[in-house]
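Each of the next two complexes has chain A plus one other chain: chain B in the first, chain C in the second.
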Partner chain A sequence: MSAAEELKIVFTGPMGAGKTTAIAAVSDVPPVSTEMRNHDQASFAKAATTVALDLGHIGLDDGTIVRLYGTPGQERFSFMWEILGRGSMGVILLLDGSNPDVLAELRKYATVFRGIAPEQPFIVGLGRARPGDDEQLDDCAAVLKSLHFSAPIFSVDVRRREDVLLLIETLLTSLEVREQDLS
Partner chain B sequence: MTISKQRFDPALMRLGAQHLEAFALANPDVTLAVLTSGDGFEVAAYPPGQQTSARIAAMSSSMQALSEALTREAGLTDNRNLIIETGSGTVMILGLASTPPLSLAIVAKSGELLGKLLWASRNLGAKLESSLRK
Partner chain C sequence: MVAVHAARTSTQRRIALINPRFATDERAGHAVQLFDSVLWVFKGTTHTSWLTGAVDDAQVVVVHHSEPAAHLDAWRQAGKLIILLSTDEIHHPAGPRTLLYPFPAVQVLSMLERVEAEMDGATSDAHVSSATAQRSGPGTDPWSFVEALRTLRSLGNATMWLECKGERGVSIWIQGDGSRYFCDNDTAAAIRTGSLELGGLTLQKGKPPPDNLRPRSRSELFWFATYHASAALAPWLEQKTSYRLLRWPDFGCLRPSDAALRTAQIRIVAALSEAPSSSAELAARSQTSIETAARTMNALVTCGFAEPVVTTAPTPPSRRQNHAPVPAGGLKQFLRNLRQHLRLGAAR
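Let's turn to the complex of A and B:
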């Protein structure tokens, strides 16, 4: 990766997966937030929800700026998925492992974002995973395999800066490996 | 929309529908008026039953939130309205000082003068705010 680049990566995933929290955990500046009162408590019981985007950034040692965009999770905001996904250098999909529909969510978001950014690295962060249950990660890998691609999958706590950095660093490493392969 | 009927106070929805209808009838170049919750749900729309109104509601709430974020980033205050002028018409989005936070999306054909539309839309917003305070 050349020095002083600007990279755009996108955090996506269903409502309540922790996209806003993840970006706030690592951003060098307070992120731009578009949270509004949540009227859809049936889908996820939380006070506020992102309706347009989150935007933060982190600076790397070589001067590269990584812009971190978070999407809204709900399907009614899917027009923002396309807008934010366009031109991204990679996608980090966050999932809620305590959601019984987690595999269906993985299939949905992976399909949509592979369509929007088909050539870019794709990383999955599984939050609130069942403790000691590696099968859940295996099940996620099987879903991706059924979609004919593979991606690193990590069990993460998005409130922890180091966990979110792990996802970002893995994505950046994937980009570097691809650049080396192409050169 | 069935879901939003369960989500919002029916009195709020009735009030919104009445105001939007009166507004649209007084401003014939207005093709769609949608009252939207901050998180992108349609509270009321005129004309009712339009397929696009739910999409316009979600999009306008995103744009309202973005314009408020931009206002903050620019060090400005009191975000008032967002105007999109096109070759064939105008879209106006106005945030309401209300609880819960609501916004208005107004779509008008190009025959409507921008200043008149803005004046009428602000009046509608003020009437809604006043009614919601009661």
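Let's turn to the complex of A and C:
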């Protein structure tokens, strides 16, 4: 058991993958986003991006709070990843399937976050996936296999709340099944 | 390499598939079923049109190796050629007239070509009236369409297109290697819900799909066709065998619309990702119904997302430690509350 006090789910992924959108889709309140001018236009043409973190929350009837953290997308803030990832209930990695570097991004984030939270559920949401193309998901699965683990990889559109809920439900279900196997 | 021809010939031959009544190995039935599926999927694409029917009228008889020798002798004396389907490699290895189960479709087609050549040499009367043909309808076997898909995938002929025809004409186009399929949105929706009786469609070589249809995922067709085929385990799965997860299905694409069923399927796959299980074990571990577990297992294995495990001892679930903080009321209650808050599937 971790000494951390808060219950949190971490959304991570490169800039423009939809972390802020995903958190906004399920948070009880509009997420606090520390968006600022994007100085990395060469990598991603987006006027503003999250430089520190996004923070949303889900408040349950019994007073329990689940925090939803979105990690900063720009690489220069990657030192935040470990701070946010440690002690999380699980990590949801969002990727942009239209990015030609998507497999490299998957490898990078999977390696980093499996190192930070190796026993926690790790779910991958692939946005803008090529419709009807199984090969893209096959390639993603092959990357994870090369890292010696398997994780759900779902084609999603995080602008749709039900897609974000699918990712969260899979994370929760993974926790439930483990809990049951342990009991 | 076996050539697949367009439907262009009038040559018809009669073939009888004998129900393996004397077999103790349940795979005997699977072997005959597989052979029948290969015949069905390539109907109209091979040089000869093979019509299944009664043994008395047949020129070729397909039997499991357990069939009594007296029967085989009688059929041979009647001038029939025998194809043996073996599930016992030691005593009945593959040979010129013996197929060892599980056999790929290409072996069946090669075998039939050889038999055909032999028959051409033996008799000049190769034309058989189709008026008395008694082909068993494809709709009688819930697995025939899925078997056809499996056969296509094993052949891997991407240059060929197959058309699935029903009463209203062609509704589905499948690339010859099974990698993509095309249909309109209504048909796709019917496949997803299982309301389209796929076993009632005829599948034959045809033209590529119209330009206005977009390609659809191979997994979508394999997954839903298999999931809806039957509540029982597929013939190529074993009740007592443990299966392990190779990768998760893309539930972004393959999720059912029913929330409770979606939750059940995620639970089943999550449980399988933790430890190999048989279908019954999986139902227990995931707290889902036997039927849902069997259907999901069928779909997982057929799509190549799970495979049988050969082990001498059961593999216990992995003991992963939860390094996240545990909620005050316990993880179980917390997850139940969170599910209710987010209105996720079936709260437990």
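We take it that the second predicted complex is superposed on the first by the 170 of 183 C-alpha atoms of A that agree within 3 Å, B and C clash if a C-alpha of one lies under 4 Å from a C-alpha of the other, contacts with A are read in each partner's own complex, and residues count from 1 in each chain.
The working rule: contacts are C-beta pairs under 8 Å (C-beta built on N, C-alpha and C of every residue); 3 or more make two chains touch, one makes a residue touch a chain.
Here the structure is a predicted model, which means the values were calculated and not measured.
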Chain A as common anchor, with chain B and chain C clashing or fitting: fit
Residue contacts on chain A - larger count, chain B or chain C: C
Which of chain B and chain C A:Phe79 touches, first, second, both or neither: first
Partner chain in contact with A:Leu53 - chain B first, chain C second, else both or neither: first
Inter-chain angle, chain B to chain C through the CA centre of chain A, in degrees rounded to a multiple of 10: 160
Which superposed partner A:Val177 touches (first chain B, second chain C, both, neither): second
Chain B versus chain C as contact partner of A:Thr34, first or second or both or neither: first
Chain B versus chain C - smallest C-alpha distance in the overlay, whole Å: 24
Intersection of chain A interface sets (partners chain B, chain C): none
Chain A residues within the chain B interface of the complex: 32-34, 36-40, 49, 51-53, 72, 74, 76-77, 79-80
In the complex with chain A, residue positions of chain C that touch it: 179-180, 214-219, 245-248, 250-253, 255, 262-263, 266-267, 269-271, 273-275, 285-287, 317-329, 331-332, 334-335, 337-339, 341-342, 344-345, 348
Residue ranges of chain A touching chain C (in the complex, touch as defined): 1-7, 26, 58, 60-62, 64, 66, 87-90, 117, 119-120, 125-126, 129, 131-134, 137, 141, 144-145, 150-156, 163, 165-166, 168-170, 172-182
Chain B to chain A touching residues, read off their complex: 7-8, 37-41, 54-55, 58-59, 61-63, 65-66, 68-69, 73, 100-101
